[in-house]
């Protein structure tokens, strides 16, 4: 397992993957957005604003996907003490929070023309808001300690407790809003979607996944480099200290 | 088991000696709830309409406020180190501390809830279910909160972090708790809500000792 | 004056280093407010009706929660003793700490208030007055709270006591603050409410340094 | 015979190497005296020995078995006294002591006499009913020390135990340590001041400064 | 010549008499060494002298003037070092020191050299950039001591200043005290351990135990 913990090996692997991931991101997003903006039809009901969907829906998928990825990385970190898993979790949560935020913003921009309000306390919307807060908690805890190791472990425990709770939260919120508000406004049945809209959606989704991969690899790499710089720094301080003591003694 | 009883007894004794912690949480509960009529105006119908929601949200905040202290005093004066090195398994120690916390925080809140129900002109036919739901829900609040409190020990501003970690996880207890009371007030059955509250409690009874102990172990370094 | 600036600068630096305290108070504000729809249900009309009240009460709680730390860290690590023995008059030191507290707590709350107004479907015509009222009201919250925080220092469970002392004193700010916003929403003039808020602020600007310094002096024994 | 050993221990704190390649062996009845300038890692070593801190390298053995394999067993056989006294302000001296002794499960029958003896040992009998909050610095430290004798444990790990103690109390501490060792117990003490120990093993931490450059991982 | 005096001081804490009828006089350049067993009231006396605690009877005089009449003036001429170190965990060693020195208003021009000298004086120069949280017990204490020399003050009140210090640091402390006295400064030290002071006045607190029964007020 610790085979990949070797930063050198990881860096080599990352360097090999990164160009493909980066180019893939640009291509997929370029094609996806082109199709979404110029090729896909407007909706007869919703007009041109329907195009927000091509950002909104894949973002929502990513926000949920990344939390699970963090939980998996956290389990690996806690069970096998794998240092790269910690770094992966740390690299992921701002990206996840970003996608959750994007979902909220695009949804609310869409909601304005559709429902006449920026926000509805609908089940799906609300659980995305809670997910966003879970991300913020994870990030805050990661950075709350002087000693980064402590931050990693605390955040990993939080992510695992969170992932057990997410289904409970999602279920309860859905139940709550259907209880109070039988007919939710936001229903656009998935299966009935036309292929000309489905394809751009899927391509953008792939683009987002590749973007995530690129960012995570880059951030792990830079963390490793920063750690190495810190080690060098401390070593110089320590050496000076030892020398100083020798002189005084 | 003997160790667990000892720990609970000590924590209760500490709480009672410390100028009645118990009634401080209750007073916060009542005082904060009493602010809402100033905020939303005194109309009885409106107050009655929002009563279960306010009672639950404020109960949740009262528990939240008392959480920071759950492990902090023991952490700062070195008792936690000693506890870790004692023969009592840390998982049990966590459960013991949560139990003592609930007895001194959750239970008094339940005792004070009828007062708030009256203040808010709530229809008293729902009172029984409200209390039952709180009996099932407040232990969950203590359990979830304990994990948050343990995780933030030694963090740069632990206390302020706890709400951020804990509040999102409180949502299910809040929803089912209010749901049960609302159902009873509408004359519907509260059973499914209560069962769900119980289920959430059971899940947390399993998770909290494990996650809490893991968090405490890494806080002591 | 130089001493005052030094103290404010140090406190701001501590707050910023400590992983952005500022946005933690804001997050508490938004998170707690977001609990109310779960409690009272998602109907836009009801939410809009209670929005100003909820925003004010929750702002008040967010300030309250951050109060315990105002003097506590300095008290526990011995900095307060040193401050007392420094040439900076203790009254000014209190003002400096309150100023730093407001800059890192009250000000960010004001910035976050429009978000809550949107979430609660509040009519945005009242937003300007809401913000103005908060600009006059939140410093009062910090000032009153500082006296409470100073009084409870060294009390065995100071943190829990603060709400008891402080919440009743927050009522005037709450009433005038909500009053101003409600008036604006109804198309009436908010002027008298705002003037009263300002008057309360001035009174507290005089009282707090004196009362706070006296309380700190007797906490250090 | 049971032996307590450390083999090429390596300690990192806050990303810095504190010491490396540290080894020791402590037989029953032995005393290990840790000395060294501030920041040399005495406290860190004691926390390693207690299992509160995990070594970055090397291992601790008890009777040939790694303590990381049976952490609970190890905890049960030691007393750790750090910089903090674990004294609750609202409990009386006697209540404070009794809680920790009970938790260790000292036999219930002679419990009261053991507790009284422990208080007596550190001249706390007069203070038995005084709440922890009213104790002076040295009195609080003595209460922490009384825990050592209130419940038996094989290994005592003491971090600057004599801080704040008056002369009489330092004597009492030395006597308690001597008694413990005579009964086959072991003790590890970190201190900057003179403490009367017969034939201690010495471990001086300043000579153990880690290699100036930590090895790079790539 | 200015004199620092206490006249028949009486101290009560937590409802108990700690000492009574205590008097002393400390001329410029003098050192007063407080000794006595745990709980005899050394810390309490130092807090009285600092003005942090009010005496239940008697008075403290500076140059014939009661310090209770001009508490701010008195505060400005003293440094008090208690059990707590007033070190902020998130500020670096240099930042911690600078804040307190600035607050005392040391002249801005040579401020940096004064601070550097203070750090140097207690061998903290290497640690200047390290955050307070990472300091060992002795390092933190040294930082608290550095405040004494970072801004001048006539009277030093030191409560067990050598706690946790290694031998080299104790020497440095003794040298700092000697320098301060040579310049006409005064120092009051409570300690249980040996600290090299030339010709100290001694005040032993155990002989001053108050009458066993506190007088009743009704």
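Note that the chains take the letters A, B, C, D and E in the order they are written out, and that residue 1 is the start of every chain.
Basically, contacts are C-beta pairs under 8 Å (C-beta built on N, C-alpha and C of every residue); 3 or more make two chains touch, one makes a residue touch a chain.
Only a predicted model underlies this, so the values are computations on that prediction, with no experimental measurement involved.
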item	value
Grouping of chains that still touch (sans subunit C)	one piece
Contacts common to subunit A and subunit E (chain labels)	C, D
Per Cα centroids, the chain farthest from subunit C	D
Copies subunit C and subunit B - interface residue numbers shared by over half, same or different	same
Chain pair, most C-beta pairs within the contact cut-off	B-C
Of all other chains, the one whose Cα centre sits farthest from subunit B	E
Distance from subunit E to subunit C - Cα centre to Cα centre, in angstrom	37
Chain centre separation (subunit A, subunit D; CA means) in Å	46
Mean-CA-position distance for subunit C and subunit A (Å)	34
Distance between the centres, which are taken as Cα means, of subunit C and subunit B, whole angstrom	25
Contacts with 2+ other chains: residues of subunit D	14, 16, 37, 83, 90
Residue numbers of subunit B (touch at least two other chains)	18, 156-157, 161, 164, 167-168, 171, 175, 221
Junction residues of subunit A, two or more chains touched	133, 136, 140, 144, 146-147, 176
Interfacial residue positions of subunit A with respect to subunit E in the complex	146, 237, 240-241, 244, 248
In the complex, subunit A residues that touch subunit D	6-8, 11, 146-148, 228, 230-231, 234-235, 238-239, 242, 245, 249
Residues of subunit D touching subunit E in the complex	13-14, 16, 36-39, 43, 83, 133-139, 142, 160, 163-170, 192-193
Complex interface listing, subunit B residues touching subunit A	147, 151-152, 154-158, 161, 164-165, 167-169, 171-172, 175-176, 179, 196, 200, 203, 207, 211, 214-215, 218-219, 221
Interfacial residue positions of subunit C with respect to subunit E in the complex	2-3, 6-7, 10, 13-14, 17-18, 76-79, 81-89, 220-221
